[in-house]
Amino acid sequence: MAVEATTTSMAGSGRSPLERPLRARFPDRLLRWVLTALAAGILLLIAFFFVRLIVEANPALSKFGVLHFAFDNDWDVSRSIYGALPLVVGTLITSAIALLIGVPIAVATAVYLTELAPRRVRGPLTVLVELLAAVPSVVYGLWGVFVLIPKLKPAEAWFGRTFDFIPFVGADVAGPNYFIAGLILAIMILPIVSAISREVLATVPVGDKEAALALGATRWEMIRIAVLPYSRAGITGAAMLGLGRAIGETIAVTLVIGNAPQIGGTIFEQGYTLAAVIANEFGEAANNPLHRAALIAAGLVLFVLTLLVNVLARAFVVRGQRKRAGGPAQGQAAIAAGGPPV
Amino acid sequence: MSPEPVRSREQQRATRAEPAPNGSAAPKAEPRAPRATAGSDGRTVRLEGLRAFYGDAEAVKGVSLEYEANRVTAMIGPSGCGKSTLVRCINRMHEEIPGAHAEGTVRLDDADIYDEAVDVVAVRRVVGMVFQKPNPFPTMSIFDNVAAGLRLTGRRGGDLKERVERSLRGAGLWEEVKDRLNSPGIGLSGGQQQRLCIARTIAVEPEVILMDEPCSALDPVATLKIEELIDELKRDYTIVIVTHNMQQAARVADKTAFMLSGELVEFAETHTIFTNPSDSRTEEYVTGKFG
Amino acid sequence: MSAMSVLAPISGRRRRKDKVARALLLTATLIALVPLVLVIYYLLKRGLGAISWHFFTSDPTGAFIGDPGGIKSAILGTIEMVALATLISVPIGIGVALYLVEYGRDSKFASVVRYFVDVMTGVPSIVFGLFVYIVLVIGSLGSGYAAWKGAIALSLLMLPVITRSSEVVLLLVPDSLREAALALGAPRWRIVFRIVLPSALPGLVTGSLLAVARAAGETAPLLFTAAIVFGTSFNLSDRMNSMPIQIFNDVGQASDVLVQRAWGAALTLVVMVLLLTLVARLVARRSRFT
């Protein structure tokens, strides 16, 4: 980096005036050393935890074999059988529902706020959308259990009756079920998908938009031919970050999914997810080493899954940030804050 | 220091006919296909007391002038004099800037484009614009770029392909890209990109073409090609070109308008502006006393 | 063709598509806000009734019927654990950010660190709880649940968030300030502490407050680290109650009075988080560089 500054030493020390005495350089060295150690410490920490997770999960993984653990459709605590397929499937189903409902609304909101909203309204509306992220997970869970589940049951039953020709839709509605969990997840991922999408949409070069308008395009046509194609990669990344969030969300899901270790036949049946099983069964697993190891193994699967999704997501978002002046730092910090940038 | 002596258009045409000294010069412009649609020559554009604002700041202070049909008019003046702002009022792009608005009248022949009954989108189809920085749509191929405006109005299929080819020929780009119409528009060189943007603009058959410093981001060879193109295009369109390069104005424009601090100082035949201006401020500008 | 006819409005189909698209986008935005409105509505409707002086000043009694007690221990527990987590994660987080900005702008090592910090922000909070559980609760170092272990789990959650937002803020401090100081002969450490940190302070505070707000609402990391206890405690090496855990616990019970208390606690928690977020935004507005 820049050339280190020098101070003139005291007269009469006998050394060149350009040398700095060792004592004066010490604080700089110390600072640098401490900060570097902190940074390195982070990497070591991550590696360390990864290793310990594997070690603790090992009893379950070695007993059943990794593949069987992950893909056997039988999670039965009473018989000490731990096949995590219902959990994995439940995680995927609820996340899929969350993406299907949440991403279109989040992206539409982002487009509205960046391209169409009148200037005076833009700020307040943006703050309101971001407030969705401020509600704690347990509060969404509480609200889900006592408001969403009872109030939506009739509508779900009607939907199930009317559309039962669609696969995975049926008239039998359990109170807590995949759909409610997916719906709450959609609400919870909305702020982050919208915030990242807004960042991405803001990088569309003004020249592209002007070119479209100057050709005689309506506002929507301009969005369609200049804004959206440019933002495709970044918005995909935003959606994947939402997916990562949905996969890992624990408390709200465990309160509204029913925690049934089965693969439900329809979206209105009860289910389970990787995250929910850990939260739900940890109490009773305290004295059962195999059960505990199985839960930790579920945690390991969850960890790996979210890592993969996040790594992919970041690649997409960074690609979609292309020529922004601030560089990837701005967008990634938005990701980091779990929502809008500071 | 006095600027390069301004040569008359005839003298310039004569020298241009000679082959370029550098052997790697771009191929000569191919003959243009004449415009097939009958009866639509460029229209007159008349500004009457046009004022343009950014918030409360007035950038164009009551300008009235007339751009003659099928002629090239240059707008010159120092940075910040309002020439770009004024031109952007002609296709109503100025009002796209948040907080900006315009007052006054801009007539296309006899119709006021600022009239309440007029659809701003329709204005922009009739008045096209080429920007300073070439802006082909980055996710589209060369073909799709030129077709973009046409697709908006619902053209498709064979008719579309024919029009795209005609526009690319009209922009002098056909021979260079005809074998790679599906490659990305941004893969072209700067000068080619700008000609692509011109092709895209003329594809929708406007009547007026506005050019906001179209060559300032280009190298001299590309600039020359575009200036030649402008000379051809004026057969079919009314052209207004904003330029900070006086030599360019002298080369391409029939008439020239000189603006200063939002006001129109002088408007006359190009030759007159550069050799015998009536206003002293004009004279000072064109002789390089300020800029 | 007269000019006026050429300027006639464009096709009705295009106009309609434009109008419909715009309406749909606006509708989507309003739909996005419906859950927010509904959550706040029900929080107020069902939670206000639980709020009372008694609510805030008494501990949960553990009873299912009759007087369930209030949430005093939960509030205090959250404050204690979040405060400890903040004390741990803010210096470390800002420290790592300082490293990335002052020493690591071009180094490969720094990009690796930055990348992994980024990745850490996507790790589910329950996994952090699991980490601490494995290492500190049952591992060779472990010996049961404790509040400080819960605080560590929370600080793991806050750390990457603080690091990344601090890095953005520190990068906004103009290099010209640093260069001017260097040219005057100031040593690096002085520049950091006298120039960079003070200029970035509002942004750093905002980022930290937002992380605190997030941590205050987290349940999963505390489930098997600090666990739950009903009495108020100031003993960090023992179990401790917290707002999210208290709510989570009450929701699972089939008792009206407990559910009622859960709503009251949820309302209190949301108000706490919103206040923190509000303060963070106000501080951000005072920043010179955003």
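Brief remarks on what is shown
Letters A, B and C mark the chains in the order given here, with residues in each chain numbered from 1 onward.
By our rule, contacts are C-beta pairs under 8 Å (C-beta built on N, C-alpha and C of every residue); 3 or more make two chains touch, one makes a residue touch a chain.
All of these numbers come straight from a predicted model, not from anything done at the bench.
In this assembly, C is the chain whose CA centroid lies farthest from the centroid of chain B. Averaging the CA coordinates per chain and comparing them to the mean over all protein CA atoms picks out A as nearest.
When the C-beta contacts at A-C and at A-B are tallied, the pair with the greater total is A-C. Averaging Cα coordinates per chain places chain B and chain C 53 Å apart.
Chain centres here are Cα means. That of chain A falls 14 Å from that of chain C.
Annotation: 49 Å between the Cα-based centres of chain A and chain B. Counting only residues that touch two or more partner chains, chain B has 121-123, 125-126, 152. Shared interface positions of chain C, i.e. residues touching 2 or more other chains, are given as 10, 14.
Counting partner chains per residue, chain A shows two or more touched chains at residues 216, 218, 221. If you check the complex, the residues on chain C that touch chain B are 1-4, 6-11, 14. Per the touch definition, chain B reaches chain C in the complex via residues 39-40, 43, 107-111, 113, 118-119, 121-123, 125-126, 152-154, 207. Remark: chain A residues 119, 205, 207-208, 210-218, 221, 225-226, 229-230, 232 touch chain B in the complex. Per the touch definition, chain C reaches chain A in the complex via residues 10, 14-15, 17-18, 21-22, 24-26, 28-29, 31-33, 35-36, 38-39, 42-43, 46, 92, 95-96, 98-100, 102-106, 109-110, 112-113, 116-127, 130-131, 134-135, 139, 159-161, 163-165, 167-169, 171, 178-179, 181-189, 192, 203, 206-207, 210, 213-214, 216-220, 223-224, 244, 247-248, 251-252, 259, 262-263, 266, 269-270, 273-274, 277, 281, 284, 290.
Partner chain C is touched in their complex by these residues of chain A: 1-8, 24-25, 27-28, 30-32, 34-36, 38-40, 42-43, 46, 49, 52-53, 56, 104-106, 108-109, 111-113, 116-117, 125, 127-129, 131-132, 134-143, 145-147, 187, 190, 194, 216, 218-221, 223, 241, 244-245, 247-251, 255, 275, 278-279, 282, 296, 299, 302-303, 306-307, 309-311, 313-314, 329-330, 332-333, 335-338, 341-342.
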